[in-house]
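Take a look at these structures.
There are two complexes below, and they share subunit A, which is joined by subunit B in the first and by subunit C in the second.
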Partner chain A sequence: MVLKNSINLKSSILAAALVLILLVLPPFLPRFYVYIFAVIFMTALLAMSLNMVVGHGGLFQFHHGAFYGVGAYTVALMLTKTSLPMWTGFVAAPLMAALVGLLIGLFCVRLTRLYFGMLQISLGSLVWAIAFRWYSLTGGDDGIHGIPIPSLIASSKGAYYFSLILLTICLIIMYLIYKSPFGATLQAIRDNPERCEAIGINVRRHQLLAIVIATFFAGIAGVLFVVVEGSVFPDLLFWVFSLEIFIMCLLGGWFTFAGPILGAAIMVSLRTFVGAYTEYWTLILGIILIFLIFFLPEGVWGFFMEKFGSPQKRMAEEDHK
Partner chain B sequence: MESAQTFTLAALGSQFLVGLSRAMILFIVSSGMSLVLGVLRVPNVAHGSLYMIGAFSAFSISTLFGGGTIGFWLALLLAPLVVALVSLVAERSLFCHLYEREHLMLLLFTFALMLILGDLVKMFWGADYRSIMAPPMLRGSVPVFGSPFPKYNLFLLIVGPIVAILLYLFTNKTKIGKISRAAAVDMEMVGAIGINVSWVFAFAFVLGCLLAGLGGALISPTISITLGMDHDIIMEAFLIVAIGGLGNIWGALVGSLIFGLTQSIGLLFWPQFAIVFPYAAVVIVLTWRPRGLLKSVW
Partner chain C sequence: MLRVEGVEKSFEDFKAVGNANLTVGKGELVAVIGPNGAGKTTLFNLITGQLKPDRGKVFFNNEEISRLPPYDICRKGIARSFQIANIFPRLTVFRNIQVSVLSQQRKSRRLFRPAETLAVEETRAILENVGLTDKADATAGSLAHGDQRTLEIAIALGNNPELLVLDEPTAGMSAEETAATLALVRRLADTQGLTILFCEHDMEVVFNVAQSIMVMHQGITILQAEPETVRNSRRVQECYLGEG
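After this line comes the complex of A and B, so read on.
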């Protein structure tokens, strides 16, 4: 009943049409663009998973990249160092990411706001330091290259379809979570934690569960990274990259459901096409960020929703605020 | 047997002193971060970049004045001022317009500043490794605990406490220092009695950044100055202010000592993973006292 009410027919038809277009697109695209799309899908999943805790949960998850990296390293290590079947690595990676998410989350949820964020950055950096220093296992700063990917998904088209299908499945699950009573509670906690506490909601447990779910999806994004790139390196777990994911959420609009997908698409495209012309990509990124902070704090998607969205929806959203 | 033990003790002792002098640099940098955290309530992510600019400016200034003794002292004096100027420009042109906004926006602004400053350093100084020499009187080493100990580290052991005392005198005995401390506790009240809070913020921000620049200038003779030196220090400064208590300058001192000592002693036992020891100390401290060892001003 709840689900029936919550799924908007028009948006779901639009989304289904978009997925269909993306499914038939690859044969008409040059190989490079197929690859870029796969990167966008993977990054979109990562940004969406972060937004579950940042946008919907109101938590300062500053080091999301650590969990993404844990997922990627888990699958890379299982494919290169063990002779277990391929799929076990694909299953183990999100579980491992969620486990690390649980461990770090246990420490962090005791704190609030910036304290939460700073503790998470530091614990995530510890994970980075281990990946960076432990040469014999992780290859240190060289990372791991030439990971044997199952042949079905090793080609650029294979990786494209694999990431598109996984992204679609994950998005559907995320949407169901977003619209579920748990998702509603989480958003209520974001807006007023004290009141939620007062009416008997266990705030910490909800936040912890949200972190575990989000880190699980980050682990799936890590698997996609390995499938698309065929390698891992410690930069994935570096805190600067984590803040970059954070910017994607901001850029797309973090109070919307699909905004981070747009943010990820914009960032990946900019990095690919602007980054090809200049070695000062981070300078441009910084300028973009300042522009966002000053002019588009609700994100691109939020901006268009406000300008061109239907009036009823706009009013509903204002009431919500 | 006997000699092996004295050797270990001597090694421990000199490693302890190395850790202590490292802690002094960490203290100078993290006290600046703590000051900004206390007054503006925002972790300055660009703090490490300003430290890097401090080191690079020290290199340029010292080269400009011939690289000798005078060059070194002038670099130590002027490099922090260069950093202060950079931060003043950033603060007055952009940052000060954000004080009314959410704190997350302030934080993201400092992140943007970090990205921009990092690339500007790359533009001005390039990706090469640079180094500067300490003046002759601070070169070489003296025997301490039977093993040679660099003179420059002894110099750092003197500078650290001087900076701590100056900071104490400044925040507790001068009017502007007292106003800054009051703004850290209750910004609205400070505004209500007619003080221009925006300028207090600017002042605290610039002073904090100046300390980052001083740290960068002080460390420059002991390391190779290069891009990326901002990343290590910013993470360490974050952790130090977190375990010390956000915004508490003495907390920054305690945190720096914990961090510097666990790091250098850890180097003795497990060189490859020495980095793990301070992090482990941080986890223990924050599990035991989630809000840091000393009282946070938040």
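After this line comes the complex of A and C, so read on.
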């Protein structure tokens, strides 16, 4: 126990140090990199929110992008079409995303595994179709541009700090949930839903709550997207993008807590830097994924945790072999 | 306490349970025996709600439970183990049991308290009781088969049940493990006053432990009686010998 606590302490110190470094970094970075970092932050939040249901909940949440898009569109529409104060849009976005999450989740939790995923893709695609077709409201294919962002966070540095701070707050809350009885129960449901029913857990209700929480955070990521990019477009809600978020979780390590952050960083970097040379950057991604499946089935983070992480757990396991 | 009345269940054309009757009184240790394929596991699934009966009723404390989902039945006070190790393989042994205790304490949906501080005493007591204390921090999936089966029972104990239903608790165990598990079952019944219903296909195991035995054959209850009566029953002998 003592050992475990000291590891927890060590990782919290490391995390705090990392945040501090990121806080003082922007003045030393070229503007483009400040922007890329902000993109990584918002993508990391998105991937982390997905992993709450995929990695910890074992749900095949195949269309997470729909909720991200709902968040982004909500804030974009409120800032451009209403004269309500700015902050109301920022608050409404995650709430709206969670509401859509609840509605879609209500249908999806009646199914399991792949069927859950397929139904979610269909229902999520309905949301996409609304954004894509309702020209008068959403601008259809063009999306919405020139969204008036509050000046404090409109600059690239402002957006950087805004996303970093929001990401940090969200991660702390997510970590608390991960470590809570609900988090533990959710992981148990992932491992064995049938057994969970037999120990008195209403599996569907827990899954639904997890979806609502995860889509709420996806909505916050949607807010960050609007702040960082200043625009929205229907591709955010397209199922192909949802697949990318899914890959980030797998890439980073979906059974770990922080893995998806790493996965998001890798994906954004690939898209930006490899994408600058060739539009076929997904080819490189494909090759990486093949290697991943063969050599790091627990994801990059999962691999390092296994190598260097909690020695106590490793010892207990080796004891047994 | 538990009463099963004329329960039936078919899968497509196959009648897995034809006409099963069973009573379990408070504090009793009751066994269901029958050859492989007699419908024991199906019967247990009907009692704890994994399956719904086509006909017949199940009563627990004079309340009908045959239509309830498994988690409601569990909340009424029936916990069960499964025949194949049905645990949470990626969680630690401690967490496996703790999740069950948290569910029993209605704390599964708490969001912002660290789980580490909750239900710790109860979980430790169960670990101690079943003899898994030294493996508390191991990942459940890495345990040896026998230990997984013990953990299986420990998870059920986490629900602090009135009635414990064990589906072939000794399946696939070595002779020593079987003896240890039976000793545990007996101790739970004797010292903690638990009512236990379990099933077995090995007759000898049952006669030493159970106070009342229900014999099933091809989905139908042949009789339920004390071990002596069952041992001397011609019909029971026919069933077993008939199978070869």
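To be clear about the criterion, the second predicted complex is superposed on the first by the 305 of 321 C-alpha atoms of A that agree within 3 Å, B and C clash if a C-alpha of one lies under 4 Å from a C-alpha of the other, contacts with A are read in each partner's own complex, and residues count from 1 in each chain.
The rule we apply is simple: contacts are C-beta pairs under 8 Å (C-beta built on N, C-alpha and C of every residue); 3 or more make two chains touch, one makes a residue touch a chain.
Given the structure is predicted, the values throughout are model-derived calculations rather than measurements.
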| item | value |
| --- | --- |
| Contacts of A:289 with subunit B and subunit C, given as first, second, both or neither | first |
| Which of subunit B and subunit C A:192 touches, first, second, both or neither | second |
| Touching partner for A:176 - first (subunit B), second (subunit C), both, neither | second |
| Touched partner set for A:203, first subunit B, second subunit C, both or neither | second |
| Partner chain in contact with A:10 - subunit B first, subunit C second, else both or neither | neither |
| Doubly contacted subunit A residues - partners subunit C and subunit B | none |
| Contacting residues of subunit B [partner subunit A, same complex] | 41-43, 45, 94, 97-98, 101, 103-105, 107-109, 111-116, 118-120, 122-123, 231, 235, 238-239, 241-242, 246, 272-273, 275-276, 279, 282-283, 286-287, 290-291 |
| Subunit C-facing residues of subunit A, complex | 176-177, 179-185, 187-188, 190-192, 194-203, 206, 209, 255, 312-313, 316-317, 319-321 |
| Partner subunit A, residues of subunit C touching it in the complex | 48-50, 69-71, 74-75, 79-80, 82, 86-92, 95-96, 98-100, 102-104, 107-116, 118-119, 135, 137-139, 142-144, 155-156, 158-159 |
| Subunit A - residues contacting subunit B, complex | 60, 107, 110-111, 113-115, 118-119, 121-123, 125-126, 129-130, 133-134, 238-240, 243, 246-247, 250, 279-280, 282-283, 285-287, 289-290, 293-294, 297 |
